[in-house]
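Each of the two complexes below includes subunit A, the first together with subunit B, the second together with subunit C.
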Partner chain A sequence: MGSLTPGFHGRPRPQGVALPPGQYVTEDFPVLSAGPTPRVDTATWQLDVVTETGATHSWSWADLMRLDQEEPTVDLHCVTRWSKFGTSWRGVSLDTLLADVASAADFALVGAYGGYTTNLPLADLLGGKAWIVHTYDGAPLHPVHGGPARLLVPHLYLWKSAKWVRSIRLMVQDSPGFWEQLGYHDYGDPWREQRYQGD
Partner chain B sequence: MQDTTGAQTHEDGNALAGPLSAVFAHDMTTAVGRCLSCAAERPLAEVSVWSHGPGLVARCPGCDAVLLRLVRTPRGSWLDMTGLSRVLLPV
Partner chain C sequence: MTSTSARLGGRVGVRPGWQVATLVDAWAESPSARTLVLDVPGWPGHAPGQHVDLRLTAPDGYTAERSYSIASAASPGTASSVGPETVPDAGPTRVELTVQRVPGGEVSTYLADAFAVGDTIEVRGPVGGWFVWHPTGTTGPLDPAPVLLLAGGSGVVPLTAMIRARRAAGSRVPFRLLYSVRRPEDRLYTRELGVPHPGDDGVDVTVLYTRSAPLDARREPGRMTPADLAAWGWPAELGPACFVCGPTGFVEAAATMLLALGHEPARIKTERFGPAGD
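Let's turn to the complex of A and B:
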């Protein structure tokens, strides 16, 4: 299941080949936050998926840990122009989480502890392209990077990969999130440089 | 403005040009903003600004609510001030 590429971590690549237009490579992991870091205890952590009919599906931390775990290694592309190659994560595929959720929605609005939101097509959460991750590089995900759990949608700009993920609202119509309301792109494909509306 | 029956009518937004040019020429860091969330008032110079993300986010130091967001794009600057219920521009 999923687009796992075990052993890919650390493999050298020719410069420029896997780099989307307008990006540069960084080795460290910059922290870009729009507010204070929420401190979320796994004892009270919860993820809600709310469908377009209002049906709510909830997972506790223990529920999340009981699900099939995957270990994607992926490249990250931030709209502030840095890219980071070969990041290793552990978490649950959205295909697994949403397997029993009945919905005809085309869009999702992801919500986070602290109030952040971001929108994307539901199809981009499915098909082995997105995870709820809780482990980075073999260690529990640090709060500054979105721990205890964040969304990971690496084929889109990183602002779509909401840190401190709290909810996923499934919607028939698209609804812009925190940055999308202020001119950022509703889709955000780094390979097509979809930074802003109209790109 | 009055029409021929004496009833008041409205003008178009061009009537804002003069008054608002004075407002937006003001040094906004001395403007006193009221947080929509907790009603605290303080000069914008004292709010918390998060500037390392895709845009600027100003938050209330008291309750962390978003007061103002500013994003500069090739099309223009997007400004959201819905977190401020009012702003005083001191003389």
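Let's turn to the complex of A and C:
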């Protein structure tokens, strides 16, 4: 525990909810990104999965819509300290998307329209833990929140859930993404408060 | 963008440790904002645009953490080597923050109203290596491009740190700041940014009032428009480095206007805070 801050009492503590250390609850849906919001037309939208051998699998918007759709309701935890409970999404599980992709890779580097990248272990994309989502709270995902489609990996800090997702590169060796090169944690588990390198 | 961030990553090391800082001075910057001067022993220096994490601990052990942009220039004594790679303990240990009081805000109301000179608080940082301007190319070539700063409300804080760093370094890089603020009384750093400051030749400041403007304002009250950017900003052809900071609504609108005016997406860096506002 840290040193006491004289005269600080804080808000009433949230009851009955699971809040990771250092986080607070918000009802809003704050927006964070490092640059302008890309506007991506679903008519030209494409998602590529590139394996470690260079084999490429591609999905158009229509392809994505034809896959089995799931409706996860999950809690979000942003490294800037807000957490939002019970968000409702619709999209395709990475288990479905990657089912027929042959790979021995252990890592993934996710790329986005606009140039953003983020890395994570492939195991964290599989096993019902990650989705490509296109609908939030019953409506098409707004561009400021990553629409038309973003990655959703709710068990990690939200910067891993790349907005405007464009590609997933499967790799034998880990390679840091945008924020990870700038000092943020390679894994980003909110329950272990892995915000920055060395946490 | 990727190669740039790789280079920055090599020189921006985050120091994960928390340390205890002491409030050594404070003053009202506006009726709703307060500047805090913290003494942070062993502060490694910082680049303008970076922020710090603050941690507050209540008597029952409850903690709250928040990030605040740094308002001060890096280190006046180390202006030729601005950046977090500055040798620890070599530079001053003072760090200035300006905290905008958010109604009902758990941390900002404490910092603006209750936090007293002599009190301590836990700090770690500096944090963030993307939304920064380096007045002297410390590890890479100097970026000689003009700089366009677009501030919404208290988003002016890290942008003012860039102006201060320019001044401290004796840089001649041309700067233009467009500062959108509701009313005259909401302005921060009014004197410093209002009258040409010694060392600020080449820094042009335009205040855009959204609700009510003084008689000598450059235009009628209203939100920032493409015409404002065309009149008071830089043409896209000059390839300015653009830094946009403010509430989400402001940043979205400003970044969209910059793109429409032909600015390269990779030249536009954004930093947003809080829920949607103006």
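By definition in this document, the second predicted complex is superposed on the first by the 183 of 199 C-alpha atoms of A that agree within 3 Å, B and C clash if a C-alpha of one lies under 4 Å from a C-alpha of the other, contacts with A are read in each partner's own complex, and residues count from 1 in each chain.
Here is the rule we go by: a contact is a pair of C-beta atoms (placed from the backbone, for glycine too) under 8 Å apart; a residue touches a chain by one contact, two chains touch by 3 or more.
Because the structure is predicted, anything quoted here is derived from the model rather than measured.
Visitor: Once the structures are superposed on A, label A:Val144 by its partner contacts, choosing first (subunit B), second (subunit C), both or neither.
Guide: In the superposition, A:Val144 touches subunit C alone.
Visitor: On subunit A, which partner's contacts cover more residues, subunit B's or subunit C's?
Guide: Residues of subunit A touched, subunit B against subunit C: more for C.
Visitor: Kindly classify A:Thr37 by the partners it touches after superposition: subunit B alone (first), subunit C alone (second), both, or neither?
Guide: second
Visitor: Regarding the shared-chain residue A:Gly22, is it in contact with subunit B (first), subunit C (second), both, or neither?
Guide: second
Visitor: Considering only the touch criterion stated at the top, classify A:Thr117 as touching first (subunit B), second (subunit C), both, or neither.
Guide: Touch partner of A:Thr117: subunit C, not subunit B.
Visitor: Between subunit B and subunit C, whom does A:Trp159 touch in the aligned arrangement: first, second, both, or neither?
Guide: After superposing on A, A:Trp159 lies in contact with subunit B but is clear of subunit C.
Visitor: What is the contact status of A:Gln197 with respect to subunit B (first) and subunit C (second): first, second, both, or neither?
Guide: Touch partners of A:Gln197: subunit B and subunit C.
Visitor: Do subunit B and subunit C touch any of the same residues on subunit A, and if so, which?
Guide: Common interface on subunit A, subunit B vs subunit C: 30-36, 80, 115, 179, 181-184, 196-198.
Visitor: Along subunit A, where are the residues that touch subunit C in the complex?
Guide: Where subunit A meets subunit C, its residues are 1-11, 13, 21-22, 24, 26, 28, 30-38, 80-81, 114-115, 117, 144, 176, 178-179, 181-184, 196-199.
Visitor: Which positions of subunit C touch subunit A when the two form their complex?
Guide: 1-2, 5-6, 8-9, 12-14, 16, 18, 20, 55-59, 61-67, 106, 110, 114-116, 119-122, 127-131, 248, 252, 255-256, 258-259, 265-266, 268-270, 272, 274-276
Visitor: Using the touch definition up top, name the residues of subunit A that touch subunit B in the complex.
Guide: Against subunit B, subunit A makes touches at 30-36, 79-80, 115, 159, 179, 181-184, 195-198.
Visitor: If we count contacts the way the header does, which residues on subunit B are in touch with subunit A in the complex?
Guide: Residues in contact with subunit A: 50, 52-55, 57, 59, 64, 66, 69-71, 73-75, 78, 80.
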